[in-house]
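One chain, chain A, appears in both complexes that follow, with chain B as partner in the first and chain C in the second.
And then the complex of A and B:
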């Protein structure tokens, strides 16, 4: 799992690639820790190359969305592959996270 | 194929990789995704919760049934008797503020497989997951 975080103007673009699973969930949590701290969050999470996520990944996306909502910010996840999208649909995450 | 892992602390990835290495795991991306996710969630559940202190074993196996149409995967452990299928279902309609964190692993496993069954036998938890792979 690779995570890159880049600032593009007021927006923060987070690019995910690889598999997010039990072997790297802790690392992922560390990698995205800065996203829980910044003011005025405006996150675009590019999932083009994220092949897989388990419930451990979902946990982190929900925690991040809760944090963004509490700070009055914005978060969008984009370009999920159909399998990952199905996981978000089945778990109801599609209703609480904006996916484009 | 069948293999016993002991100890199982931090072995979830290795156990999942073992089960996914079976020659009859389908190449289809969507099917493979569903099987991997179900296996990972079920194995993780045992690794995290079955044994106090994480010291114990997990035996995993798989085979084809019904003339190769159905993939059957079995997990067996001697940990605390626990039926994961009785875990409460997540509230899928909750708002983001009210949505509880966690509780999705076994739910996903049930959704992704065609059937998941649990039984307690001779001091062992046995979880059997089946998926039509034809």
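And then the complex of A and C:
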């Protein structure tokens, strides 16, 4: 799982690629740690090259969403492939997290 | 131009203004805390120390009535504006319990009006800060100067503000026809205040009645709406189904908001809580089968509880013979309209076709 974080104007764009599962969940948590303290909590998470997410990934997206909401920002996930989107749909996470 | 007597009062005011500003902070903080502690939602809590210009105007008109600054009781004025008439009395009782009231100077203008009169209705208490509430040995005036607390409803406040705007304090007489119109309006606002209170009482009665019917399990008698759905959801009617679905992968359940499902149940034709109960009883097993079909071959061990209600509704719709378009409309209601809902409806429809009950 590769994570890149870039500031694009008023929002922060997080680009994810690869598989997010038990083998790299800790590394992913470290990679996104700066987002929990980011001054500008408006995130766009680009999932174009994300191949899969496990439950650990869902939990981290949920934690990030809560953190963003608490700081008055918003988080949007975009460009999910059908397999990743299916994970969000069958767990009900697409009812919680804004996906476009 | 002020005479010497009034000028001395003005000078005393300028000297003692910081005392009144301290009093303002003490009184307004206590008022806000009292109201908050009692859980009363009010329209406004306001306070002000009279401006020098305003005091000067008062002294020009009525200066002879005051021998010194402490005779003037509204240098510090506070106002609590409530939404309902009954709350004026509640606030008054709270004020009486905290501040020393100068009953001789306090006025209940609501009671001063004759039966055939309408007009300025407000409760004015002239108070002191008791030493038991706040004491500073270096500033005894904090407990000596009096201040005014006005308590009124929002509508009384509107009327009083408009009446004030006619300039009744300026000594310039307003033509009687205008005052008559204003007083007729006071009668109308008094009636409106009564109606607001009556409506609130009726809503509370209705809520208690719904809670009672729900608690007794008399679901068919309860029309589905925001209040009844909230009462129903407090019974955790879907807990066993949610637990059963979570058991598929021993999943953690995230307690997301189920309120949007009120619209979903309305959308699929529920008119009473009894309709939801029938869906719960008749479709829970099939909703579980759908969840089993979706989750059993994965290792996903976290679910949002709303997905269980979603599957319950979807299964009910399938049994009613719904098509993909209707499923898409359902997702539009639950998740808001977006282009993905059609894809989601298509996928769910495929999954439903693989399950026996949908045949």
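Structure notes:
By our rule, the second predicted complex is superposed on the first by the 99 of 100 C-alpha atoms of A that agree within 3 Å, B and C clash if a C-alpha of one lies under 4 Å from a C-alpha of the other, contacts with A are read in each partner's own complex, and residues count from 1 in each chain.
In this section, a residue touches a chain if its C-beta (ideal position, glycine included) is under 8 Å from a C-beta of that chain, and two chains touch if they have at least 3 such contacts.
Here the structure is a predicted model, which means the values were calculated and not measured.
For the composite obtained by overlaying on chain A, chain B and chain C cannot both be accommodated without a clash. When both complexes are overlaid on chain A, the residue A:55 reaches chain B and chain C alike. Of the two partner chains placed around the shared chain by superposition, chain B is the only one that A:65 touches, whereas chain C remains out of contact.
In the superposed three-chain model, the partner touching more residues of chain A is B, compared with the other of chain B and chain C. When the two complexes are overlaid on their common chain A, residue A:99 makes contact with chain C while staying clear of chain B. Legend: residue contacts after superposition of the two complexes on their common chain; A:4 is shown touching neither chain B nor chain C.
When the two structures are aligned on the shared chain, A:91 is found in touch with chain B and with chain C. By the touch criterion stated above, A:27 is placed in contact with neither chain B nor chain C. The contact surfaces that chain B and chain C form on chain A in the two complexes overlap at residues 54-55, 58-59, 62, 87, 90-92, 95-96. Chain A makes touch with chain C in their complex at residues 54-55, 58-59, 62, 85-87, 89-96, 99-100.
Chain contact summary for the complex, chain C toward chain A: residues 251, 254, 256, 260, 294-295, 298-308, 310, 334-335, 338, 340, 344, 347. The part of chain A that touches chain B in the complex is made up of residues 21-23, 52, 54-56, 58-59, 62-63, 65-66, 69-70, 82-83, 87, 90-92, 95-97. Residues 12-13, 16, 29-30, 33-34, 36-37, 40-41, 44, 90-97, 99, 101-102, 104-105, 107-108, 111 of chain B touch chain A in their complex.
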